[in-house]
Every structure is written in C-alpha cells, then in structure tokens.
C-alpha cells in the first residue's frame, strides 16, 4: 500500500493506458496525455468500450472531469 | 504522447471538426468556432447525430460546457 | 469560422428565432428577447416542440440557464 | 421584442398567473406572489397539472428555484 | 396576493402541517418544526406518502433542502 | 413542536438509531456515531434495507451528506 | 459509539479493505491507499462487484469523491 495522495496516481499514469468509467455508463480507454486540477483528462488513441469490447475509435479526446466516476491505470 | 494541458486541445481544435458527446446521450458534430473557460463551445455547421448518422442539421450552436461529456477532434 | 467568444452568439441572436434543447429532452423555440450571464433566457412567442412539431404555444417564457443543453439560432 | 433582462419577467409576472415546468416533468400553475434571486417562487392558488389537466390543488406553495426548468406567465 | 419574500412562507408555516415534494418523487407530510437558510427542514409526526396515502410513519425527520422540489403549507 | 434549528436534530441523534434515505432509493439504518457540517454521517452497526427488510449488514459506514434525502431518528 | 468526526473513519481505513457504493449503483471493493478532502479515494487491488460477486478486477483506481454514496470499511 502506498500513501500517495489521490492525484499522484494521475501523474504516474501519464503516458500509460487508462480506463475511464464515466457517468451514464460510458467507458473509454486510451493513453493518458494530460490532466488538470478539475480532473479533466486528455486521452490519445482513445476507444469507447461497450461490455469490454471496442465500440468505436475516437483518437484524441478531452473528457470533462465532472463526468468521471473512476480512473484505472492498466 | 504530448504533455499539453487539457484546454490546449480546445485551442488546437479551433477551425476543425469536433465530435461532442453530451449528457443524456446526444451527440453533435461541427466546426469548432470558439470556447471559453467554462468549456462552453460554439459549433458551426453543426449536426445532431444518432447512432453515428446525421439526425438533423442545426447550423450554428452554443453548447453549455457543463453538459459536455467529452470532446473529440476529428 | 469566426473567433467570437461563446456568449457573442447570444448577443447576435437577440430578436431572432432560437431553438433551445433543455435537459430531460424538452425543446422550445421562440424569439430571443434577453439573456444574462447565467444563460437564463427569455423567449417570446415560444413554442414547446415534440419530434420537431409544435406541442403547445407558451407565449413569453423564462428558461433557467442551467437547464439548457444547447442553443441554436435559426 | 423587449430588451429587458431575464429577471424583469419575474417582476412583471407578480400577481398574475404563471406556469412552472419543474425538473422531473411536474408542472404547476398559480398566482405568482413572490420570488428571490435564487428564482425561488411562491405561488398562491397553486395547482399541480398532468397533461394539462389539474391533478390536485395545492394552495400556497414555495418552489425551489433550482428545480425550475422554465416559467411562463399566462 | 401577498408581496412577502419566498422564505417568509417558511416562517409562517412553523408549527403547522406542510407537504414536501422531494426529488425522485417521494412526498412527506408533517408538522414543520424548524428550517435554515439552505431550506433544510425538520418535520415532526412526519409521514411518507404514496399516491396521497400514508405509506409509513417516520416521526421526526430532517429533510435536506437541496432535495426539496416544493413545500406547501396545508 | 420545538424551535430547534435543523442541525440540532443531528446532535440529539448521536448514539441513537437513525434511518437514512439516500438518493437513488437506497435506505440504511444504524447507530449515529458522528456528523459534520456537510451532513456527512458515520453509522455503526449499519444495515442496508430493502422494502423495510435488512438486505445486508455493513458495519461501520460513512455516508456522504450530499446523497442524503432525509434522516429520521427512531 | 465513537465520537470521531466523519473523516476520521477514512484515516482509520487506510491500508484496509473498503466497500464503496457509487452513484448509479456500481460497487467497488479494494484496499484503501489514499484519500483527500474531496473524498477522492485511491483503491489498490480493486474489484468491481455486481450483486456481491466480483464482476472484474481493476487493480489500482482513483474514485472521484462526488460519485461516492457511502464507504464501508470491512
């Protein structure tokens, strides 16, 4: 167990693949390119998932932080 | 992977086509004409999409930032 | 493409017809009479739409800005 | 078209009948007795409507502003 | 028609029976014992209603103001 | 009828059993161990209820205040 | 019954297993690694649950505090 603060996980995830669960049930996966204090997140090579399968490829995307339920680096 | 901040992607998207996923499932696509710090966005030649197909043409539109789930330049 | 800020579109829409998509799926159309910084909007000769058809005529109405999904001048 | 600010419509509606559409689809109608800057509104002789018909009479009521979708004087 | 401010109605309702419609459709009725500036309200001898019938008796309860749709003294 | 302020009821409920109705319809019951100004509440010996029956035992739990619809000491 | 403040429970839960109920009904369980004042929480060895069964393993995850309904150390 680490004792890092929650936002440390965002910094450590830069450049790696992350899974984002959004409000309303949408899930997207991509390479985390940047974030800010509102947890707004830019993904590259992003894909929208449905039941774990790729539904469509979205390239670069900006996800509003207030729509994020959780973020999981993979 | 870039290290740009999330809002940089909005600036880079000006004048190009973007896809917006809104709360409640509506999707719109158009040419990004302007934005502000609340992520309010003006699209021109905007179209509302349904299952990826054009449902109706809306011309110029102002989308409230707090309804945006994600923005993807295309 | 213009480089006007999002709220400029509201000013330009004064006196003309606008379509408002509200949270919960309601759509209204009317002549834009005024707005404020919260995006509260007064419409005159307003009509509530359903599937693009006029459902009922509402005359003058004040729409709370935080219920607006998008505004499209027509 | 007037150029009054949105809240002017509330002042002009005092003492007259207004229709309020609330979040969740409820509609109420009554005589507008007072309002404040949060758009909290007191109606007198208020009635809850369903499909345009009176569902029940509620007398005096205070409606929280943040539940209001739109207000239409009639 | 009175010209009292919206919160005046809360003060006048102290000690009397009020009907509260809450977000999500729940309705409760009880004797209004206190309130604060957030519209948090304490009811005594409170009952939860369903289709106008008493569903269960809840005694004393504190209702969070931000869940209130409307308050109607009876 | 008392004239205590709404939060007084929380203080008086410390150490006793309370019923919490949460947004989304979940109900929990337990011994109220602490609260703060955001109405965040710690319950001990907490149980999640369904139709008034115990669905599962949850032991100690922290409930976020902004998810609470009402609190009823029993 | 303790008289600790609500956030004390988070501190006491560090390094142990917690169950998080999120808005929209999702439940996750994992080892609590960190939290902040917004109740943002990092779990390690996290699992998403469905009807109490493990639906999928998610490893490390950051859960936004404003999506949390309740937190229960186990």
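Each chain gets a letter, A, B, C, D, E, F and G, in the order it is written, and its residues are counted from 1.
Operating definition for what follows: a residue touches a chain if its C-beta (ideal position, glycine included) is under 8 Å from a C-beta of that chain, and two chains touch if they have at least 3 such contacts.
Quantities reported herein were computed from a predicted structural model and do not represent experimental measurements.
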| request: Treat touching chains as neighbours and tell me the shortest step distance from chain C to chain F. | output: 3
| task | Using mean C-alpha positions as chain centres, tell me how far chain A is from chain B in Å, no decimals. | result | 19
| request: For chain A and chain F, let me know how many angstrom lie between their CA-based centres, rounded off. | output: 33
| field | Shared-contact residues (touching 2 or more other chains) in chain E | value | 23-24, 66
| remark: Ring membership in sequence, chain D leading and chain E after it, reads D, E, F, G, A, B, C
| message | Looking at the complex, which residues from chain E come into contact with chain F? | response | 14-15, 22-24, 26, 28, 31, 33-36, 40-42, 44, 46, 56, 58-64, 66-67
| note | chain D residues touching chain C in their complex are 1-10, 19, 21, 23-25, 39, 52, 65-66, 68-74
